[in-house]
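Two complexes follow with subunit A in common, the first pairing it with subunit B and the second with subunit C.
Our next item is the complex of A and B:
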């Protein structure tokens, strides 16, 4: 670095300043493309192309990697409408969304608000809250094997407090299996988003809250009426991430724990897409499910954006 | 009235103390919900099944490593660890090679194209990789790297480019432009500026990206499951087969979970600040 700074060459000549700037702009654009090109090409081939390909594959009948593909138009989609398992998966994913979106995001915001005030024990709490986010989905699923086993922690706990009649085989019971899968979101999600929210809220000066409190506003009011609108935009971004997790990522829990069973009682859209491709070898049909998930994701994202973006225009 | 009692009394009246108490209560409930399953796995790894189900939350009576041996024997965890490390290292190198120049260009070169390119990459935040399982499998088959760890070393960097670029660019923007301009005046070319000036100055950002990506690559499960052959299982895939189809040997499973968590968790305890900061920046810009 020293040698660069001591280099004897002087700057550009002042006489032809205009053409110098033009040349600089052209040079900048060339350099920009040169530096961005490798990343852009890799991204296009390995991310954007497969995404487009998903839409094409949803229009073909293709029953195995080495089998031929035949173009069938929208037949896969019309088949979906009469598919009992697909409708079950759609309903289960709907329930998952309705429970997990508010159930994870709202407590996460409240904990995040509390943590942004740096209460005593803040560092320890943050370490604990963020821990599940560091653990792989596989390991978390295996943790929950231990929670839900017939003699696992949940049933042991229930027996210890005298609620023997509440014990279940959580993952083998039609009425509890979906709830058991959804509950895993709460384990990891609340703490993760709470820590992110507290990071977002920490940039807000505490004088702002204090002046509101002098005006007689309680903590609950400050939290929802002041802090929440201030980070509403970020709340929206976090909600989108969670939406995508529910639609797609959570299918890994289904794969690892129940494979949609018993029957199809824990079947979700994400897992159905996986199952059709890698269990039943219906690649085209599976991608039709993928397109449905994608459309729900886009609609959900737009809805969240619409609901959380309004404070910008004020 | 003492100062403390006065403050405490006022706290109750404006609801602050009640709010704090209930907030602490909820924090503790949630903290227990997180720590108890982790504690359970930790102790179960050293117990046999009779002890696990007989006294679930009791500490193990002795430090028995039998479960670890069984886990190694049934899923070849050591081999899986090496493959995970190789895949992670390869992906780390590639993602930095691709992301750093791009982040430099986006953060440092003034051109209208930067907005367009940033827009393209920010698509990556909203497109879940999971949706592309089948098309990516097909692509890897066409390239001829299916079942080879190389397929992951190609896919992981592309998948993590958006986040890596956003975080790196946000660090690069904090470097004062004057430093760069004075080096330019002194005749340094772009490559020299990047290698000798910006890369060292953006080191905190580089470290953050490397750590976050390490966690992601190490923890990734689905693509590793789909794209690799059985001989090339990564840690996460090996872990998933430790859970048998019918009977669960929970002690062995717990030992596997413990081994798989350890590297990432140690890293988290050391670099907690950077990880939270990096993930926050990534989410805000995404």
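Our next item is the complex of A and C:
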């Protein structure tokens, strides 16, 4: 009886609708969790656990894979502060970052912009520029051994053009070795990122450029005032990738070419971490270096994010 | 009916085969009836460029021909990488059965860590122990009296003097560091590099440590390299100061701090440099034209040296065959291999083809096949003109090794002072 007297828009029907939506939301949430669970589990096992383990290992003394671990608190970190090799590696990594980040990313963007204009033969250029990315790190290192040898390509070229006094043992000279290692980034990095930037820039309608040029904007202005802001987010992501490469990946070049020498003039944090673990058997200490690299990576990523993030609501 | 006949035939056959098997004469298992075994061996000799590669391959082939049920599976890596690989594989229970490895880095801890087994009882039981040279056994026996591995490679590690270049420069083989400095200037004036070494790699490290050895007694070498304290040892201070003096006086090749082993060897082998420090393992690769002019000698002595003659290294720590935990589970096959391998016939192949020092007391060789430099290094003239010093590296703790080597490479960089080098050497031990 009561139900007959109720208005069609009265409480119970509204409650039904609310509970339906709540049930649907819960069902959607369950489905969402079900679908993302494999990825979350994989992330936890493959990323989170090793990361937590790195922090744990940085607090222990562990002098070999088959040796016992002893908890030493922050002793590994305090030892880092007095370790001149670590400080040298920190400085060299800082120089590497300061030179390679703008030195690779900005020319790569300019080259990418050039290719996005589809000049004659741009497909061939794109293939040529991308080819270093398809060569293994070892092969690139061997290539540069040939370049930097006392009688290698570089010195032979310098002698041929009458610059004999400029010849050096590039990988053996303390004032040139770090530059020689960083230069490899330019070979491998500029073309690679240029192709990525070119792909990102090709999604921008050409009408935008044309209208800007009608308004009197030159190529330089179009490139930096229009194209660059439009792919700023992408530029930020590519910069983060390059940052991570410098911190970790570039250690491979040091390993293959100089092992940090002469002395410690080409020692970088990534290589020092490897050396402490697998040459010196100081696994705990090595992970303390790993934590420093991680912190630098996080700070660098945040800085890049801050510098390249656009707020569309402004 | 048909079915029952069939069953009867099968039954009769089965009974007959059982009777025949039972009556068959008892036959000892032959090689082909033995269960197959695979011996996993890790070494750094088996590549194509190593002079010891061909005799090693021949030994493996000979062993497998004599023991058809045993297969050798060889893995070849650089010797500096082998300690890490073995320990990593050990943690997963997958280490090779036998390892050919010298006495350095993590290998120094293998016995204590249970990676390898004490060879003393096994070598005695197999009758190999008494065939080995006592000095080789002594070097491979640790402080607890355990034999780490069966010693395999002995070596001399002298300086090589290209007398053709010395003659052109008008100098004799230097016996003192002052003579070396004077000779270096004349060698440079004649258009050659004086003393070449891979200052960025391990040969540079051993030249640096070799010059230190000229000022240290064996007791000091044992003490200092075990615990540090170089800056407070007068002999070590004088040695490093002399090294820096020589470096700054141009005794070593241009850019020695950046030379690799390959680049410095090439400098000597192509007749561009007068002196190098090279172990016996390099004898086989020296071109004949250069070899004809090479006279072997020792590190010249600085003023006040406690040594009486130029110093050389001579050791058996070059290589031993270690048995791992996994190898100990296949002792029958391992015993056969060891008994086959450590025989005069097999060792003679290494001596004749690769100029290796044999660990056996008696290794008859065809002297006409021996490398002239090998003959020179074993001649009484060489032995009476040089003094053998203790090799330091077996006393350096595993966790110090890489840092100390880095300091040795830094010592080659112009501008690095003796005080800095000494302080850094001691810092490696902290």
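The working rule: the second predicted complex is superposed on the first by the 264 of 314 C-alpha atoms of A that agree within 3 Å, B and C clash if a C-alpha of one lies under 4 Å from a C-alpha of the other, contacts with A are read in each partner's own complex, and residues count from 1 in each chain.
FYI, a residue touches a chain if its C-beta (ideal position, glycine included) is under 8 Å from a C-beta of that chain, and two chains touch if they have at least 3 such contacts.
For clarity, every value in this text was computed on a predicted model and none was experimentally measured.
Participant: Quick one: is A:65 in contact with subunit B, with subunit C, with both, or with neither? Answer first, second, both or neither.
Facilitator: Once the two structures are laid over each other on A, A:65 reaches both partners.
Participant: Quick one: is A:304 in contact with subunit B, with subunit C, with both, or with neither? Answer first, second, both or neither.
Facilitator: A:304: touches no partner chain.
Participant: If you stack the two complexes on chain A, which partner ends up touching A:218: first (subunit B), second (subunit C), both, or neither?
Facilitator: Touch status of A:218: first partner only.
Participant: Contact-wise, after the overlay, does A:149 reach subunit B, subunit C, both or neither (first, second, both, neither)?
Facilitator: Both partners, subunit B and subunit C.
Participant: Examine A:263 and indicate which partner it touches, taking first as subunit B and second as subunit C; both and neither are also allowed.
Facilitator: In the superposition, A:263 touches subunit C alone.
Participant: Please indicate which partner A:89 is in contact with in the superposed arrangement: first for subunit B, second for subunit C, both, or neither.
Facilitator: A:89 contacts neither subunit B nor subunit C.
Participant: Quick check on the superposed pair: does A:282 touch subunit B, subunit C, both, or neither? Answer first, second, both or neither.
Facilitator: second
Participant: With both structures fitted on chain A, tell me whether subunit B or subunit C touches more of subunit A's residues.
Facilitator: B
Participant: Please work out whether A:182 is in contact with subunit B alone, subunit C alone, both, or neither, and reply first, second, both or neither.
Facilitator: A:182 contacts neither subunit B nor subunit C.
Participant: Give me the intersection of subunit A's contacts with subunit B and its contacts with subunit C, in residue numbers.
Facilitator: In the superposed arrangement, which is not itself an observed complex, subunit A uses residues 65, 149, 278 for both subunit B and subunit C.
Participant: Of all residues in subunit B, which touch subunit A in the complex?
Facilitator: My answer: residues 14-16, 19-20, 23-24, 26-27, 30-31, 33-38, 40-41, 44, 53, 56-57, 97-99, 101-102, 104-106, 109-111, 113-114, 117, 120-121, 123-124, 126-139, 141, 154-155, 157-159, 161-162, 165, 182-183, 185-188, 190, 192-193, 196-197, 215, 218-222, 226, 236-237, 239-240, 242-243, 248, 250, 253-254, 256-257, 260-261, 264-265, 268-269, 272, 275-277, 279-280, 283-284, 286.
Participant: Quick check on the complex: what are the subunit C residues that touch subunit A?
Facilitator: Where subunit C meets subunit A, its residues are 84, 87-88, 90-91, 105-106, 109, 113-115, 199-201, 255, 257-259, 263, 398-399, 401-403, 406, 409-410, 412-413, 416, 424, 427.
Participant: For the complex, give me every residue of subunit A touching subunit B.
Facilitator: 1, 4-11, 25, 28-29, 31-36, 38-40, 42-43, 45-51, 53-54, 57, 65, 107, 110-111, 114, 119, 125-132, 134-139, 141-147, 149, 151-153, 156, 186-187, 190-191, 195-196, 199-200, 213, 216, 218-220, 234, 237-238, 240-241, 244, 247-249, 251-252, 255-256, 270, 273-274, 277-278, 283, 286-287, 290, 293-294, 297, 301
Participant: Using the touch definition up top, name the residues of subunit A that touch subunit C in the complex.
Facilitator: 63-67, 84-85, 149-150, 168-174, 177, 258-265, 275-276, 278-282
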